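Right after this note come the structures.
The same chain A turns up in both complexes below, where it pairs with chain B and then with chain C.
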Partner chain A sequence: MGTKNRIIFHIDVNSAYLSWEAAYRLQHGATLDLRTIPSAVGGDATTRHGIILAKSIPTKPYKIQTGESLYSARLKCPNLTVVPPRYHLYMQCSKALVSLLEEFSPSIQRFSIDEVFLDYSNMDIHWGDPIDAAHRIKDRIKEELGFTVNIGVSSNKLLAKMASDFEKPDRVHTLFPHEIQGKMWPLPVEELFMVGRATTSKLHKKGIFTIGQLAISDPELLTQWLKSHGRLIWQLANGLEDSPIREDYPVKGLGNSATLPFDAEDRETSHRALLSLTETVAMRLRDIRKFAGVLSISIKDRDFQSYSHQRKLEVPTHSTNILYGIACELFDELWQGQPLRHLGVRASQLHRDDLYQLSFFKGDIERQKALDTAVDKIRAQYGCDSVMRSSFLYSGLSPMMGGVIQEEEYPMMSSLL
Partner chain B sequence: MKFTCSQKKLSNSISIVQKAISPRSTLPILEGIFVKAYKGILKLIGNDLDLGIESVLEANIEEEGAIVISSRIFGDIIRKLPECEVEVKVSDNYLVTITALNSQFQIQGVKPDDYPDLKEVKEYEPVEIEQSLLKEMIQNTIFAVATDETRPVLTGGLVEIHNEDINIVCLDGYSLALKKGKIDSNTEVDVIIPGKTLNEISRIVDNSDEKINITIDDKHVLFDMGYTRIISRLLSGEFINYSQIIPQNYKTRVKIDAKSLYDSIERVSILAREGRNNLIKLNIKEDRLIIDSNSEIGTAHEELPIVMEGKELLIAFNSRYFMDILKGIGNEEVYIDFTTNISPCVFRPIEGDNFTYLLLPVRINA
Partner chain C sequence: MKVYYYNRNYGDFMKVLMKPIEMIAWFTQDGLPTPVRFRMEQPNGSYIVIKVARTIARQEEKLAGNPMITFTCQSIVHGMERLYEIRYELKTCKWYVYKI
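== the complex of A and B ==
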């Protein structure tokens, strides 16, 4: 790694949630391709989930933003088609993408549900010129999986990622170091990876509006203004980044949160909502074969005040019942009695699930494990609503909430620089 | 009420009774220290209803009386005073004036009438035990007390008194610690004492061979050192039948010096810690024990000479639990008995039976 001959691909699914939904619908007999009309994946406004999660490219003229309310999106574009999110479909598509990519390189890093890094270094002996290979990969994904991707090609992860963000959809772009000045420097500084809203406004105040202006600034001064982050973004602006492709333990944490259809005013309802979220989180943990080492919960009250609380687990686990018990304890310590509109459960400090401390009371653990495995199997085959806990009957709550998928935390390139 | 006494003695007594005071109590009066001056002595009490501690000290009592004073404020003031005589005076409206050399403090106290009495404990004959023995027995078992509330009885230690034998047993899901001692008694009683109480007792008693009296009834236990009395609620319920889970046979027996094994594991666990799960692997060979750990940042490897009997074995543990046990054993040779790599291993003394430790391994590639 870190040699001159490194070739890195960044594969980015175009409007992922929407493309996947569209591809799924076409494969199941739909005649209309959602990608060709103004459309969006959004929650259900009647249960207060009315925000845009993803949007098609034809919505561009309407200037609809991800995260804005359906109501305001419809004002901008009255004929917008809105479809509900489907987490399982996304996981399946993401897995299919990765397994196709695995044919081309043994070194692959899943960066998020719809972004993958692939190390193509020295692979030209097998698959030929990198640019040709990128085109072939892109076309195979389109043909076999039914959705389009952008592929960025460069000599490190940062530049590959920046390249895949150029013109969309269904394109291959390169951004090699000699192209930085022409292709990356003219871009607005907020397009640079790791430059968020707060940093952008600080940079604007100092008269830095493009990536190029940032790149030629004095790194010492940037360090004084923005601490270590200043040096980091200066390096990125100059295309300096050499973190390896990480195949191991890609996920740092995962969680789900949901706005309830109605405010939870009592402990029992809140616990039930936590159970519903824990069902989803624990199933996803088992899916990636990881134990949670830390469990945290978050709550948001009627006034949109958020609070959170977390605990390190003495024994890491992915058992729904054990995690639910801990989530309830955390909730009871955190909750002050106010009505709640939003709850979240997340797992972090993930451990491999193939080694675990045995217990004198292992009967319990083995039984929980058998139960979880059985339920997971049924749900995988017949759908998530095929088995549910009876406490959700007539509760007004879905038995497996996870309305908003919290972005998986993959190790950031920055933290590994 | 008015008394004078030495800053050092008063400060010492305050820190003892503070061990029973929780900073946030549902009964606000329990956040205070009960102070009573009478018959030439001063008595301080801290109480959280589960645990009560009373400390008596000599003082020059000029006027008898009682008061409850904020534990935190009173403690901080007395601790920060120089070593000298301290005068404490309480007016009729419970205003407390503390005077020492150049310092004077006035704080509002609380009427003592509502302060709950410490429970009286008298049922069985008191049992006498040396302070140093009790301290050692607690310190070498308390690490195995359960910290989670899933099985409330396991948050306490089982104390078994069978005539001249006393056993303390602590047990969480993964390890068991059993220490045996000898005492003067003709009582037979088993009680479960909360882990917090045991912890505080091990801190209050010293390393002397002076005796401490233990009195037990259905709900409470009293530890009486004369000048200090500790009264604790007992945990109700049945303790786990621990003798059933101690394996009697073994397939592999290792004889090893506990201290050198501790040192090796401590070194290896520098890397095991990095892997977050404290995983160490023990590879038991005929003449040596190989200890390995690896994590993202590197690997560690140690080899120790052993005397082994039985089959070779590869087994994995959480180094933290393993070290807790070895620390309890201290500086002597020990037998470690194994059956399989998914069943508990047992630590036994070479001679006698004054301790037994049990530890469950980490299952790999389940």
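== the complex of A and C ==
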């Protein structure tokens, strides 16, 4: 593809989890729009632990951070309205967003649950000028799906993503190469994609505070000093990036963890908690059509000591039952008998699920698959709690704990965007 | 309870309820639903059965990716002609009185 005429959109949902909850509530007769008051989506407030997952724009003066504990957020803003996360709703909104976008281009990359790249190159013959089209897409999403997005328009994915992060909400911004100096260089260097906290403090020590200062630094010196990452961020600061739209979902691993409502003191309770966590992880794997190649579990005891243990699977899978069995084995090898307050399950080394090795020993893969598919369908239609394992009755544990899956580790920058 | 007589300019006068109801509906061969008769719990705990006299308008939407059909209907309720809105949520097969 000629890189000269590329037009890339980056569509980013404004305060995604919160906006989606707000739209859902309005549709179900709520008279108050959560987006208009200080509000946040947070871990279950009835359990001991919870963090802020998303926050409304009116929380801005209170300086609440995503990832901060609910407790400290409430200290900053006593009248904060906190709503619990609803994972299925997020998937539903994300899918609706993608299917609306598919009307505008066949080349779409889901970058995360609330971020999508769309290749608009040569689409102007169908839908007209890119900026007009971006406005139409933005307005249709707002009108039809009830939430707002920012759309960044440029000639590559990096610049489109940087552009969508300009003033929010409900805006279209461009950041074409000739606009880099004016629009991107004055920004603090930590706002550049791929510049994390550690790199930021290294750059600050050398007197590099803005993206522009990084861009005009000597790339050779940066490479000597920060290795390949140095060259990479120098390229990004200059807007140099040409990765294609990847239609495959790029997530490398995903995990789910939860602090229990009470300490787990026996093996059965811990196993049940692992089942609850595995259910959601496996469902998400099936949803993105990936097999797990490695499964790991982590536990945290009363004294906040953490331990973890992992295993490479002989046969990659996304079957709830098989993953749960392995999680239990890992647990039995790891656990020393101490009471536990926190457990986690994580799948990594993900493979496409349409290619799998037949194993004589693992048997009835097709039957497991049919069972999982049936359960997923029922849950998608009638809600998460429509089907649950009887072992959760009277256990005090939720059949699907955690609520929000943490998706991690997008591929590194060379292949990252 | 407020009573709205002849709420022709209904948009301004109807109250948002979003109350789940029991519904008998008619589905065409093409899968197009039309409400026929429903039973709704009243504030005092008793039930009222309402026959849908006329479906005036039908509007589809999918806010939050959740498809719903809103019907504007007309019935005789407690001897008075009323306009109201009913909603059908496709994913859950639930019916609601949305505004009355």
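As a working rule, the second predicted complex is superposed on the first by the 374 of 417 C-alpha atoms of A that agree within 3 Å, B and C clash if a C-alpha of one lies under 4 Å from a C-alpha of the other, contacts with A are read in each partner's own complex, and residues count from 1 in each chain.
Assume contacts are C-beta pairs under 8 Å (C-beta built on N, C-alpha and C of every residue); 3 or more make two chains touch, one makes a residue touch a chain.
Everything numeric here is computed off the predicted structure, so don't read it as measured data.
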First, second, both or neither for A:349, with chain B first and chain C second: first
Which of chain B and chain C A:224 touches, first, second, both or neither: neither
Partner chain(s) touched by A:373 [first = chain B, second = chain C, both, neither]: neither
Touch count on chain A, higher of chain B and chain C: C
Shared chain A contacts, counted only where both chain B and chain C touch the same residue: none
Chain A residues touching chain B - in the complex, by the definition given at the top: 293, 314-316, 349, 351, 354-361
Touching residues (chain side chain A, partner chain C) in the complex: 20, 23-24, 26-29, 31, 89, 92-97, 144-147, 380-383
Contact footprint of chain A on chain C as seen in their complex: 16-18, 61-66, 68, 91-92, 96, 98
Chain B residues touching chain A - in the complex, by the definition given at the top: 147-148, 151, 171, 173-174, 176, 240, 245, 276-277, 279, 316, 318, 321, 342, 344, 360-366
